[in-house]
């Protein structure tokens, strides 16, 4: 049982919070701009390297430098939207999807050109885990990730329900045509979608890199589970995406727990496939997600 | 008009490269620059460049200069074949050093390099399949087959008095090759593998794998994976979780990055195996000194020795053959690499060309071993046992 | 740079270009004619490659095999198995809207890749299959073998092109394009949308399997490194968009153009100053990403835009 | 010919059609009118199979077709046009019409690749019919134009042409007149009348312009708030208190009478 908590549950929650933060952006972009943003993972990578670059100059806890990564991703996302996605907005969404595929490649090659392809770590040495009650060993970083995600969830919820911009965003995500005729400022809504999505991507990327190391494929490798999380939570439902992220994280990690007998339920080699299978299953049987998102 | 100018500029650029001095001799270097092992490559490019630089500083190649031409396999079979075709046909190189991954090395050899009759020498392709290529004596490697390192590693672990281990290996040609041989050799020698897990690259968490590995009462965890990817993460997460304190690794894990990642203290009781040279051979030190003098750091990274040696051997073979005749070079490669002959070490190019001019036979003793090819172009070689020493690694024993 | 060398480089360009042309024609059936967003090309390509490799190699203790069949039968087997895989996928996924189908197909390709890597009794896992025969290998030796293989590849390209053109020009293709343009309206005109889509998906996947098989025979060695999504899935999409989606000739032209660009750029980037040359591969990736944006914004309909087939009764 | 039997349709919590029952008789031109939001287009969608009703049955010639999919209903003889033109944008006008015809031989993949001779006769037949239809609709000058480039009115004609290509028993026309200029409109009315009189084709049309309805229709069905309000001849309906109430009484609907 203790083993379960220490090696499966806590790490799963930490991975889940990374997925959750990434999935919020994907879900909102999908809901409001109506396309699957394939460059979101690489946007995460870009933010991570922004933080990493600052960390090389300013020797403080990398978590304090996340705003620099956020600034980098927000500016990049807004520029990319302005110059690459916006001209395609009137066309079938497929064009934007393919375009975002190319943008993913552009982000990745820029990271490799500027920072090289070698793995980079934020800090050396092993940080001893927090030991609670002599039995639970939790990595400090995991605790930070889960708590930050919880705080962000509260703030995001406040933003979406109380502020005018947040409410407009929800309205557009629910019904773009209706929102258009009721005179909402669509341009502003789109801007804020990118700002929030990009900012959270930078946070998620930094946590992922802190957990292991930064490398150019960091975000791309996380993309599919994040899509799965966004669909699970229901497209256009940021809070649903958060929950979806945690569910996917838990499902991936817990799938290889020895629930029955002594063997892992699913060989860890197939761990990656769990998110995919969940995602495909959802797409077929419950495409609106668990929280009644919009159907495209 | 605009198109025409672009075309002219492109043509000029293409011309400028190929119209270089007539007495330049090219050497093709095939590496997996982008793709899954991109993070290994920068020091290896330095190693190859170092060999070429030393040649040019010490009298040049065939009376002219040596020029390294790179091809990027992109870590895929398609990219490997395409890059090799360009090296062989467009750049017209007489010999190819590379590539690193077995998958790209064999695809490039089969589809492009062997048909063109170009000799190829890989520094790190460890797949057993390399042994049985129908290569007309053209394909060589200076790293032992996985089978060999797996057996030695098993012996090393037994000699250390470790009777029960947990084993995890990365699911690619490198990890599976060594891992499976290790299992056979270790259990045959009386050891017990209490837990075993094959793992995927590029995951963030290996904690669930570790949890199942920790379930037996293993004395050490054998990790056959790269420090830059899953290997480093596994060691780190095992230490963080307090699951293992003693690790046994291979050359993929023996990387300064690992020490950077988890700190030297945590690796005090761990040891690593890696292809190396006989103890009295000063070659490795000579290379590392020259490397660090040229690039500041990085000589101790995985596969640097092998890459340098393969490049240097390729250059020696061209010089020995006396021309860019591909068949002659293939023969010459065996002569310069194998005994008998006057010993030549890394960086001793001037000595080598003097000997060749005198008509004497030479035998290159490299930093990674002495490269005695068998009839399949394979080497046996020496495997060293390394421990962490400060920020780097120290060789403590050699197993043949 | 000697002429024979350039000639054989051209041969190799055309061999891989031909294999890409087949992939591109397959995607054109699925996307250009059928409007199905298959982002898992690498998966079906991999199924075909492994099927043909396993069917044609001689026995090995390491993996399934030892059938030693002739190469053309391997190709047929590859088409059948990849088509079956496509059928299974289509049965469950074909109703999905475009973006969702893209995500589902990426997921499926990834699962297929995991199976290839992990089920070593079948595929020899990451160690790969070696000694895969080439067709008509006895005729020649050395580089001349490439010329024979080039002929073989383009013979297959021709067959696939003929089949794709017949599909495109036929009432079947017309109805398929109608479904692509407007699903509701096509259903109202009595078209069984789901049946058409499944057929389209299966045909496309079978052709992708043939392309995979051809590359296995070209490389003579097959390991999971051959099913990389960047070089298989993504590049093929760029090729089709650039060549002209909906146009079979455009698909072939796009494949050849983009593959040549992709390959030849390395010759140029290698001639950059040394400090850039080591990063040439990343520059290449950046250029392809940007090129795609240019194609999407400026040359949306590609080099050869979609054209309606002529109606042959008109002249009479 | 068509019978709706206590049909209900729900969108989320909203009941768009509430136990609607009515008949469309064979050989006649029936008008379906009512204020916006009365459920007319939804009723068409239910008849054509695009929307599955939550309760009730749809009958075609006395046979229950509720379970049939849209393409199966089309094969059973039902054709429709859409309120917003649903043209095949990348196909030429001729292809739009030809694609709408039934082509069992030419849509068989095996035939297409290996036995092209098998569908030539069928294809020629389709071509002739499409030519005739183009001539009938006076679209000759745009026959090779991509349908996506046509004007709104031309697209409406293509919609009708596609429906005719099915050689159906009944055609459902959803606001075929909207967006078409006056001259074309009256020509269109003549064509519909001619098709009805000469070929015995059954029509059911949704239309807002009551003059147009009175010119065409033998019989009118009036829907309001999701069910049938009344039916009868145009004159009868026009003077019906409940109809006037339905149009004006809601207040929020514009006057359309």
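Think of it as A, B, C and D in the order they're written, each chain with its own count starting at 1.
Keep this in mind: a contact is a pair of C-beta atoms (placed from the backbone, for glycine too) under 8 Å apart; a residue touches a chain by one contact, two chains touch by 3 or more.
Molecules present, by chain and UniProt name: A, C = Hydrophobic amino acid ABC transporter (HAAT) family, permease protein; D = ABC branched-chain amino acid transporter family, ATPase subunit.
All of these numbers come straight from a predicted model, not from anything done at the bench.
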Intersection of contact partners for chain A and chain D: C
Identity of the chain that, by mean CA position, is farthest from chain D: B
Most extensive contact between chains (C-beta pair count): B-C
Approximate Å spacing (C-alpha centroids) for the pair chain A, chain B: 37
Inter-centroid spacing, chain C versus chain B (mean Cα positions, whole Å): 33
Centroid spacing, where centroids are CA-atom means, of chain C and chain D in whole angstrom: 42
Junction residues of chain C - those touching two or more other chains: 114, 117-118, 230, 282, 285
Interface hub residues of chain B, defined as touching at least two other chains: 34, 42, 171, 198, 200
Touch-based graph of the chains, sorted into line, ring, star, complete or other: other
Which chain pairs touch, all of them: A-B, A-C, B-C, C-D
Residues of chain C that touch chain A when the two form their complex: 37, 92-93, 96-100, 102-104, 106-108, 110-111, 114, 117-118, 230, 234, 237-238, 241, 279, 282-283, 285-286, 288-290, 292-293, 296-297, 300
In the complex, chain D residues that touch chain C: 48-50, 69-71, 74-75, 79-80, 82, 86-92, 94-96, 98-100, 102-103, 105-109, 112-113, 116, 119, 122-124, 126-128, 144, 146, 162, 165-166
In the complex, chain B residues that touch chain C: 10, 13-14, 16-18, 33-35, 42, 45, 69-72, 74-83, 85-86, 88-92, 101-104, 106-107, 110-112, 115-117, 127-129, 132-134, 171-173, 175-177, 198, 200
Residues of chain A defined as touching chain B within the complex: 3, 6-8, 11-12, 14-15, 18, 112, 116-119, 121, 124-129, 137, 139, 208, 211-213, 215-217, 221-222, 253, 256-258, 264, 267-269, 271-272
Footprint of chain A on chain B - complex, ascending: 34, 38-39, 41-42, 171, 197-200, 202-212, 228-229, 232-233, 236, 239-242, 257, 259-263, 265-266
